[in-house]
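Shared between the two complexes below is subunit A, which pairs with subunit B and subunit C, respectively.
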Partner chain A sequence: MGIQFNQVSYFYRGVKNESYEALNQITLAINDHEFVAICGQTGSGKTTLVQHMNALLMPTKGEVQIYEHTIPLKNKKTLIGPIRKKVGLVFQFPEYQLFEETILKDIMFGPKNFGLSDKEAEQKARNAAKLVGLDEEILQKSPFRISGGQMRRVAIAGILAMEPDMLVLDEPTRGLDPKGSDEMMALFNELHVTYHKTIVLITHDMDIVSRYAKRILVMDKGKVKFDGTREILFLTDEFEKLHLAKPNAYRMMEHLNKTLNIPFKQVFTEEELLTYLKEVYHE
Partner chain B sequence: MNNVTIGQYIHGDSWIYKMDPRAKIIALVLGLVITFLVPSFEIMAILLGLVLIMVISTGLPFMRMIRGMKALLFLLTFTFILQIFNIKTGTQLIQTNMYLSVSSIAAIIALIILYNLVKKRIKFRSIAFLSVVVIIFVLQAYLPFGQLMKYEFSIYSDGLFRTGFLLFRIFIVVLLSSLLTFTTMTTDLNNGLESVMKPLKVIRFPVAEISMMLSLTLRFIPTLMEETSKIMKAQASRGVEFSESTLKKKIGQIISLLIPIFIISFKRAEDLANAMEARGYVIGDKRTKIDIMRFAWLDIVTLCLLAGLLSLVILLNTGVIHAF
Partner chain C sequence: MAKIEVKNLKFSYNNKDEAIQDLSFSIEEGSWVCIVGHNGSGKSTLAKLLIGLLKADSGTIIIDGLELTKESVHDIRKRVGIVFQNPDNQFVGVTVKHDIAFGLENQCVPQPEMKQLVEQYSRLVGMESYLDKEPHQLSGGQKQRVAIAGALAMNQDIMIFDEATSMLDPEGVKDITEFIISLNKKYKKTIITVTHDLEFARLSDQLIVLNKGKVVLSGKPDEVFKNRDVLSNTELDIPFGMRVYDKVIKDDKLKNEKALVDELWAYSLTK
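For the complex of A and B:
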């Protein structure tokens, strides 16, 4: 199942009534239990693409199949709300969407909108809070009296409490310190491995991409320019044209290969590099 | 959300962009005074024609400007109906008997329900709205069965002229003022306002602060709109769908929009204040300008033209000159 894009185009209307093509005939399938990273320059259409994944934007042309629903809706009676429960979308800087008196109530907002009773919603909220690593005692505090990193956890818990099958994240680590960013990514990896959630995330950080993503999409000018695994991405001929950086460990490996003539092997994380170097040294 | 065009600057390079902001502000004031002094419908129509020619000559996207005025539609229709009913002088144009009857009331209710049902799927919503208003009156005239009340409906020529006069006036005022904000950058607007209001400094009026406040307000309308639509999308992802929820739910959901927007605007204000202070902004202090405004021939000619027009209208009003 998952999400299927079928020749999807989307136009934005400009100031002078000209239209600006944000997505250009995208055909794409995201299956269940995938971990997909979307990269690309600013303005390449990443955010527009993910907003189609939970029907926030309707395609100008083409169709999006979200689980059993087809967007634009054929049957006018189908509600759009339930579709959004399936695919949880976390925006950039999600901490701005908090509004309730207490953190617990804010996390409960989503499940309650989808028709759960207070009791059920509270249960789900407590589970989600535990999942993102929020302490029990913090739940009765105001969401405006905690640190920025904590606020982001609360916002993500608010989406997780809806128990979506797919979690779509727009630059979830932006503006976080390295430690916070690592913890955040570990959380998503846990959701993926332990809870079998499908994860789609937009990021510019190639270290994150190459460490976690099983599949990488690179977008440019509204088109998907690359779709494949990290092993292929850094070796493609067009890599230079994609305006991406290589991960740190990969660059270190290239440097060592050039200066010390250590035979080249694709490594993506510092740990991999270290084990490989130990291997080479022992030989 | 995207229909709101107030406070946006549209880039261009036609003659109006080359004008001095001070001249534009004075010209706007003169233009508004003229609009409110115009004595008759015919002159108002000529004035509207002139304004339209001017708007087209600036090369602004005309249709988009019109679309930005959709919000006025309801107000305009309302004034129109009130005026038509109230004024009973001049020659009679139409006279029919109107019936408030079982059949016509039922038909009107059915029509309104139908309109609300199909509203979302109509492309030209404003035209649909206007035609619904017209049909409501037609129905009253042609469905007399089961009569409850009968009244006379008549349109007089004066009524038509007076309403047209009012509509044109509102239209001109909105066009002129949006022309200023569309074609003047906020910094220019700020400088212009400050300079125009300088004489008020004599009575200790905080000219610089007021003009800064005004231009910041204008500048932040589109930004806040953008933030609002972002928050709306974020809350939509948490199950807030205004078109699909009950009234009771809607009230709770509006709070989920209002509070974040409040917080964002306060945050923005704080950031802005810090940024201004970091660049040495001190309230009430003397400041130099990077751009020195100069009146060009274009500005002088425009102002002279408008002053001439104004004196003409005043002369018409006082009866020195008779038109038509």
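For the complex of A and C:
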């Protein structure tokens, strides 16, 4: 099932009624159990694209099929809630949206909105908190008295408590230090591998992209300019035009190839680079 | 004489754990010093102490020969500007020009002079064509530029950047990093950058590495990087090139490949 974009365009209206085309005739499928990274420069349409994935934005032209629902809705009486329950969207800096007195109450807010009783919502909240690695003891604390990294976990737990099949994350590691960022990515990877969640995430970090994503989309001026694997991405002729960096290991490999004549091989992570160096020199 | 002289500085938030423990260092005029530390190392606390947003329990801070006290704090702030992490939390004006003028208004600078200063410094940070824009029309990097212009307009010649790029996208990071370097090289400002990012810190003239409120290392980047056993205890992320180098010199076979070892070391220090 998943999500299907059919010829989707989206226009933002400016103050003087001039409009700006943020998405330009996008046709795209996100399938169940995928791990997709979306890259692209600021203003390329990444955030606009993902906000269509749980009907937060409605296409100006075209259609988005989100599981069994088609957006824009044909029948005005159809509720949009069930769609948002299927696809959980986590904004940039989601910790700014925390508001409740306690961490537990904050995580319960989503499930309660979907009509669950306090007891059911609490159970789901406790499960979600456990999933993101929050200790039982802190659940009664104020969400404003914990570190930034912990706050972000609370915000993500709030989405997971609604038990979505698909988790869409807009730059989930921005502003975190390297350790916090690694832990956050390990969490999404576990949700993907162990809990079979479909993961879609926007990131600028090419080391993260090439370590975790099985499929990479690159946006440019409202269009999908690349859709494929890391192995193909860094070798495409148009790579320069995509304004992306290469992963650290990849760049070092290119450097060693140039300076020491080590035969070039595509490597994406520190481990892959070291394994390859050992291969070359141990022979 | 040093531009900034810190002696035996101590500070605690709750009279129990000392966030800053007996800190001493000095910063030369016109240099770019990077204060590096992990979350909770005391680096942001130190930045706030330096501009008198927090008051030390004991010890002294001397800036331009003037000791920071309750009485001198306003004079000190005329010399030291600070740009914080979050571009949205420090934009106080309705438009770019009002934001740059905010500090000048507080100092009762006459209107014609203020107008001229706003124009001058908006040009310096490359925001002169955005004077009437509102904050929501600007990117994070542009908001940080406006914050810098506001500080420069007050003629502050020491600038502190407290994780000023950590919330920006890669273009914003590159933009502000280059701008910080030009403030130092071209406009001869004394720069203090506070960060956890050693990849960025290695570009500066001098590093002061904090851990648990103490200076654990200080010196030029290559000197600091030679002490990686100390660095690795600070929970800081060692730059990628250095990490590969460390693993290579621990490998029985690879460590004897001199050309490879030398190349990796040179690569990890390239600016």
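Here, the second predicted complex is superposed on the first by the 283 of 283 C-alpha atoms of A that agree within 3 Å, B and C clash if a C-alpha of one lies under 4 Å from a C-alpha of the other, contacts with A are read in each partner's own complex, and residues count from 1 in each chain.
We take it that a residue touches a chain if its C-beta (ideal position, glycine included) is under 8 Å from a C-beta of that chain, and two chains touch if they have at least 3 such contacts.
Predicted, not measured: the structure shown is a model, and the values here were computed from it.
Novice: Overlaying the two complexes on subunit A, which is it for subunit B and subunit C: clash or fit?
Specialist: Subunit B and subunit C clash in the superposed model.
Novice: Can A:99 be said to touch subunit B (first), subunit C (second), both, or neither?
Specialist: First partner only, subunit B.
Novice: Can A:177 be said to touch subunit B (first), subunit C (second), both, or neither?
Specialist: It touches subunit C, and subunit B stays clear.
Novice: So, A:235: does it touch subunit B (first), subunit C (second), both, or neither?
Specialist: neither
Novice: Applying the document's definition of touch, where does A:259 land relative to subunit B and subunit C: first, second, both, or neither?
Specialist: It touches subunit C, and subunit B stays clear.
Novice: Once the shared chain is lined up, is A:42 touching subunit B (first), subunit C (second), both, or neither of them?
Specialist: Touch status of A:42: second partner only.
Novice: Touching A:277 in the superposition: subunit B (first), subunit C (second), both, neither?
Specialist: second
Novice: So subunit A touches subunit B in one structure and subunit C in the other; where do those two contact lists coincide?
Specialist: The overlap between the subunit B and subunit C interfaces on subunit A is empty, containing no residue.
Novice: So in the complex, the part of subunit A that touches subunit B is made up of which residues?
Specialist: Per the stated touch rule, the residues are 13, 15-17, 51, 54, 56, 79-81, 84-85, 88-91, 94, 96-99, 109-110, 113-114, 144, 158-159, 162.
Novice: Touching residues of subunit A toward subunit C in the complex: what are they?
Specialist: Contacts found on subunit A: 41-42, 93, 147, 149, 174-175, 177-180, 204, 245, 248-249, 252, 255-256, 259-260, 270, 273-274, 277-278, 281-282.
Novice: In their complex, what parts of subunit C are in touch with subunit A?
Specialist: The touching residues are 38-39, 85, 139, 166-167, 169-172, 196, 235, 237, 240-241, 243-244, 247-248, 251, 253-254, 257, 259-260, 263, 267.
Novice: Along subunit B, where are the residues that touch subunit A in the complex?
Specialist: These residues of subunit B touch subunit A: 2, 8, 10-11, 61, 63-64, 230-231, 233-241, 244, 249, 253, 255-256, 258-260, 263-264.
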